[in-house]
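There are structures below to look over.
Next, two complexes with chain A in common: one pairs it with chain B, the other with chain C.
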Partner chain A sequence: MKCTFTPSICSYCGTGCGVLFETIDGRLNSTIPMKSHPVSQGKLCIKGWNLHEHINSPMRLQKPMVKTFGRFINTSWDEAIQITADRFREIIDQYGPDSLGVLVSAKMSNEENYLAQKLARAVFGTNNVDHCARL
Partner chain B sequence: MKKKVKKWLEDGTVDLFLGYKIDCGHPLPHCFTREELDDVDHLVVGETRYSLEKIATHLAKKDPNLKIGLLARDCNQRAINVLTIWHQLDKEKIFPLNVNCCPSPIKPQADCSYMSGETAASYKLQVGIDNAMDIESADAFSDREKNIRWMYEFQKCIKCYGCRNICPVCFCAECTLEHKDLIGPGRLPPQVPIFHLVRASHMVGRCIDCGLCEDACPMDIPLRLLYRKVNTITMDIFDYNTGESCEQSPLSLLGDKVTLSLKPM
Partner chain C sequence: MTNSINGIEKSNCIFIIGSNTTANHPLVSRRVMRAKEKGAKLIVADPRGIQLSQFADVAVRPKLGSDVALLNGMMHIIIENGWHDAAYIEERTEGYEEFAAAIRESTPEKTAEATGVDPEDLYRMAEAYGTAKAASLLYAMGITQHVTGVDNVKSCCNIAMLCGNVGIPGGGVNPLRGQNNVQGACDMGGLPNVFTGYQPVTDEKARAKFSKAWGCSLNAKPGLTITDMIPAILEGKLKGLYVIGENPKLSDPDWNHLNHALQELEFLVVQELFLSETAQVADVVFSASALAEKEGTFTNTERRCMKFEQAVKPLGDTLPDWDILARLGTAMGYPMHYNNAREIFDELSALTPSYAGMTYERLGYDGLQWPCPTPKHPGTVYMHKDTFSRGLGKFHPITYQPPAEKPDKEYPFSLTTGRMFAHFHTGTMTRVSPHLDIEQQDGYVEINPQDAGKMEVKNGDLLTICSRRGELDVPARLTNTIDPGTLFLPIHFGENPANILTSSDAFDPLAKIPEFKVSAVNVRKAQAEIVEKTVS
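For the complex of A and B:
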């Protein structure tokens, strides 16, 4: 029996509460608030308390899927990315780059947000970048 | 202490030992094993307090034959007793290593002040209940004022279920607080005061006054005081101190024979 505790940060909102993941034999078993965390001081909201739930959910998508004729079909990452890029190209060619927008998150890292805006500005050619905390 | 833990692990007294270790600068719970014996040198008692016995119940659920050692402050020890009563832990398979800690009605002398709490701000003092209040002064308000003050506290609740989730003695497979016909989950605003009173009624003869719930409450509701009050019932009328022994509370609604099985995961 192996039991580990992994400190982490709740990914559900910009507050960034400290959590501990209790893992038993490689399976995420529960989320515990991190007592000594400077932000949350051992408190969590209901979302933070249930962080582990979706990870073990059988409903969770684990492979990329493409919607073809109204049905989702499993595919490879390469193909999924290629299809996405092709569709973006089509939209940009037809309606112009400002027909696209990128919605990022207050809870992503700075680096991820930077990459997302880079994709929007340098690749799509649009300034339409916004994030969930402004919705 | 470290020597003893090492010896326990080596001679097979326990299969694993739950304690604390500094990780990323924080004292976090850690599971020490025979395979990584040198790790025991990093065992600390630590200022923070987690419900190690609740973690032990999770482990016991996976493997009921597992022998688990754990650092036990007074509150952990009381919780182990209550969990034994409710068949969530097997006393024969639990090896507490006692460390000194905070004062409680059962143990007035102790040297940890972790639960001494913060001073309430002036608005809370005026309209609510000071978390540091004792039962007598909280009882001294008139009925009307008591009602208003407690309702002020309860209506702050965000229904995070933190008080139940963190509580070492809350383990029911089906919790009333999530039963769709009683207090369904997801319904907001929370049903006050019934949410808190239902929980309080369950804590009679069960709450071991560890204060973890109040500690985890984002809204600073004086939960520990509330449960202390309900526990004076068993203390005054039945002379039963919850957690002091492995004897069932005289106020058990389920009768003499506890038939609860381990909660399925």
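For the complex of A and C:
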């Protein structure tokens, strides 16, 4: 048996408490507080203590899906990406770049948010980028 | 936050307005309690009786949406008694004379009329805040989700500047952000009018800089906010939408209106962990990896950029969000090749002055608080120390305006929305978490026992609530923590979606934030046949 502890940040609210993900033989097993963390100082709330549970949920999506005749069909990444790229390209060609919008996420990392707005601005050519800060 | 979470413990007075801190930011409320143990005064203003109200030196329950009136009333008393910081006002601010003249109107009597707060309590609040050496103001969506959201925030800034509380340890104007990386998403340019680090898209220099870095020409026209996107879809201007890790079907105002809009889209892509309400109506769904399955950084409410690491392999055929984005960009003819999140971080920090001094090595496990402009800069614990971003701090005279919807004969109740301790936002994550789900499995609405008594409603009875937008059935929870005439509905439960009732027309004209915190509704005991249908 191999047990590891990986530092992470709780993704529930904006406080940013330090957690350690405990894995046993490659399986995510529990969340424990990071003792030395400057924000949370070794404490967590009920949501933080159970942070790993949503990640281990059997409800998680496991494959990209495309809707065909009203039903979702599992597909490969190459196909899902290509279909999306083609449809976005068609919409840009037909209606212009400002006919597309991107809702980025307050749950994604900084790197991912940066890339999402870069995609909207540099690839789509629109500033229609927003997220749920107001909601 | 202008100040830090650690700094709360250095405060002599903590003023909490529009934040149910113990439920929504428990580890911040812990610092509030520690400050209190060290002798700090605690003031709580919230339309509901929240947990922290029980520990407060003064706790008041102002009417929904009366925050500007309350703050103006406090400032009136502070100025009358000379508790304001004249030297600070002289040295650090402008516009005081005009502002002070306007405040003279906000007498305790007028304030009591607008807010329902007893003048004696108002005096005690003003005294506690005004006479404290360092006072920290904490707020959350109770301040911002109003048609007067910007006015409310400016009023918070006014009172903080009036008493010299900005730019000192233990002071500050401190919004508590509700999502783990809402600060980071804003910092990273996830907004229609700015690139990273709030560099405006309308600024030619900023555009030239990003244009050079990204090797493409850039659109100078600010984009649409989320609140503007929905009407744009209905007008046929917006044809395709790419939604990443959000569930607007539950989180956006006026459910029926939005549902209709999403159906009008030619193409909807949703990137998600779960088949959320929004993902169900998508044309393509991208299965994303979760937190423990990738690395990256988040920036918390006190501007602290912190690293998280990968603990396990991505589940099934999922990919980290950055990998999906890079593949899509590449497939559309714009090569995006990154080996890991660190390479993206190096690219973004080079383009973002407030993050320029940060690297993964420097972040360590404690992170760094922006602004951190150079590789030797230690980060910024509290902001506006010697000067404000604009130089002098500006006082804005603000006149109180009531919420967009007032109770009337047809819709005699006021409804407010929020979160409860065990769940998070639209519940996509917490309701599939067994130990959180068990705390609260169903939606409910809080109602005062007096109101419930008049309708002969007991705990658990089904109520029908209607607004001008729609109606829903939800079990009643009788509690004295809510005043008669007011209802509280949590936002987590897709089977009783609060946003069937809220309005998409009532929003702050500047910030475009919807007025989730006040809707006029009527309420009645659900009809017997409806009850049977629900039970079967």
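Everything that follows uses one rule, which is that the second predicted complex is superposed on the first by the 118 of 135 C-alpha atoms of A that agree within 3 Å, B and C clash if a C-alpha of one lies under 4 Å from a C-alpha of the other, contacts with A are read in each partner's own complex, and residues count from 1 in each chain.
One rule holds in what follows: contacts are C-beta pairs under 8 Å (C-beta built on N, C-alpha and C of every residue); 3 or more make two chains touch, one makes a residue touch a chain.
Since this is a predicted model, take the numbers as computed values, not measurements.
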item	value
Contacts of A:I46 with chain B and chain C, given as first, second, both or neither	both
When both partners are placed on the shared chain, which of chain B and chain C touches more of chain A	C
First, second, both or neither for A:S36, with chain B first and chain C second	both
Touching partner for A:S57 - first (chain B), second (chain C), both, neither	second
First, second, both or neither for A:P7, with chain B first and chain C second	both
Overlap of chain C and chain B interfaces on chain A (superposed complexes)	4, 7, 34, 36-37, 43-46, 49
Interface residues, chain B side, partner chain A - complex	15-16, 18, 23-24, 26-31, 33, 47-50, 55, 58-59, 62-63, 66, 158-162, 165-166, 215-218, 265
Sites on chain A touched by chain C in the complex	4, 6-18, 21, 23, 26-28, 34, 36-40, 43-55, 57, 59-67, 72, 76-77, 80-85, 87-89, 91, 94-95, 97-123, 125-135
Chain B contact footprint on chain A (complex, rising order)	1-5, 7, 20, 22, 24-25, 29-30, 32-37, 42-46, 49
